[in-house]
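Going by the order they are written in, the chains are A, B and C; count residues from 1 in each one.
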């Protein structure tokens, strides 16, 4: 699928969003959040096959988009309209900031290309130099760390065991949780599922669990209509 | 060796020094070595005269100003020939992730990892390691406060790699213009 | 790029290749890169023509023929200037062995000589003397127990050299080295 190939070109969720904004010829300062969220989620679905680390970041953004969408829906209390902050503001700020650097990096890329066409003189008479074992130029901290790192490799088994960071939630756990949550009902809203959950990792893993359940055909996910919450339905 | 009667003596000395230097040679270093009250305008006029001669004589190299110094390099037209000599040895281009990351560091330095990730929206651990390995960035200390995270900044090699004289030569960041900014 | 009508096109190409080569450039290598039936006499006449031009124009360098090929070097008259550039640099440079040793001391201080040798796998007597002389390390007392061997630690000069405020600011391996880079 052509989408699949394209996906790998995105440097992250912000990059993907900028792409969608450009594709739809949308004003970045006035993003139709429902449309973008829908298209974004379509890409996410296609991403299931990609590596988890990447997916985690993309899924986190999906959560943010859905949150913004939900906020847009909330009936505004009797506060004057101009006093309510547009829920999109923060995201727009990030997109505009990221866009600046994306452009700057393409400028750097063209500088790099130009520099690849010129070559400095490379031969230097050894007799005016120090003894051969010496390294070029001044050392940086990183040089020292690298050398230390290399040196340590020669030492028999490390004294301190590697500490593997324990992840306190797994996709399997969250899948079981979702199934349990839906035991007595045939559908639930995504917002219910993650109610009160502030830990990013749990949100991400919950999303992954939903994707996994979708893949296994145990649930379907749908949006009933524009500006609605995200529903998970049992099959 | 020490006496210099005029520009005629000075020019080949400056040429020889730039020729033998394996890094861009700064004006400060040139002044230190040549002594005799050598000043910036003298250096610049010698370099300009040398480049004029090279052009007239059809030399395949020239002196450029980069990373706060002077360096003798091949003209772009001969880049393809030079790269044939180093076939298979030339360094790979930076990935888009690396370019984006080094751009953020260049414009926002010194910056901590989390600051870069906030802008890019993705983790940059591996990219930072690559950039450090390629000497394009350096560790510029630690940020005071909680956790004292490492601060990153660009290196001199960054300037050389991208052909910039000073960090101020980076193009200005362009803001996306808000269409109805007038309201 | 491949077509060469005559010596006029060939000369700057040969010049560029000799200029950028990091080893004396052999005729065989030149022929291989330039192709088009380039032969020895053509190369030699180009080099002779280039040297003629350099002499007439008062260039401070020339192309010499060494055992393995052609090489661009400064003229003898400018040799002293060139060595001045490199003089003094030896003081700022460290050998790889010295860097490795000081790194081990930095991360494992205070440490005894035998401890360093256990990691490096070779004797470090000479290197320790150099590092002490250059003030990068200091003797930090003696280890209690058998033989009371000397303990080594880094100095203030070490902090200055690497631009650190205090020794606690040393980046940890985990902070900068990619886990997958280790193996």
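Here is the rule we go by: contacts are C-beta pairs under 8 Å (C-beta built on N, C-alpha and C of every residue); 3 or more make two chains touch, one makes a residue touch a chain.
Quick caveat, the model's predicted, so the values are computed rather than measured.
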Most distant chain from chain A by Cα centroid: C
By mean Cα position, the chain sitting nearest the middle: B
Euclidean distance of C-alpha centroids - chain B vs chain C, Å: 19
CA centroid of chain A to CA centroid of chain C, Å: 41
Whole-Å separation of chain centres (CA-atom averages), chain A against chain B: 32
Residues within chain A bordering two or more other chains: 119-121, 125, 128, 140-142, 146
Interface hub residues of chain C, defined as touching at least two other chains: 19-21, 82, 85-86, 163-164, 171, 176-177
Touch list for chain B against partner chain A, complex: 19-20, 22-23, 61, 64, 71-76, 79-80, 82-83, 86, 90, 93-94, 96-97, 99-100, 102-104, 106-107, 118-123, 132-133, 135, 138-139, 155, 161-164, 170-171, 173-176, 178-179
Contact footprint of chain B on chain C as seen in their complex: 1, 11-13, 15-17, 19-21, 25, 29, 33-34, 53, 57-61, 74-75, 78, 80-82, 84-86, 163-165, 169, 171, 175-178, 180-181
Chain A - residues contacting chain B, complex: 11-15, 27-29, 53-54, 57, 61, 94, 96-109, 111-121, 124-125, 128, 136-137, 140-142, 146
Chain C partner contacts - residues on chain A that touch it in the complex: 119-123, 125, 128-131, 133-135, 138-155
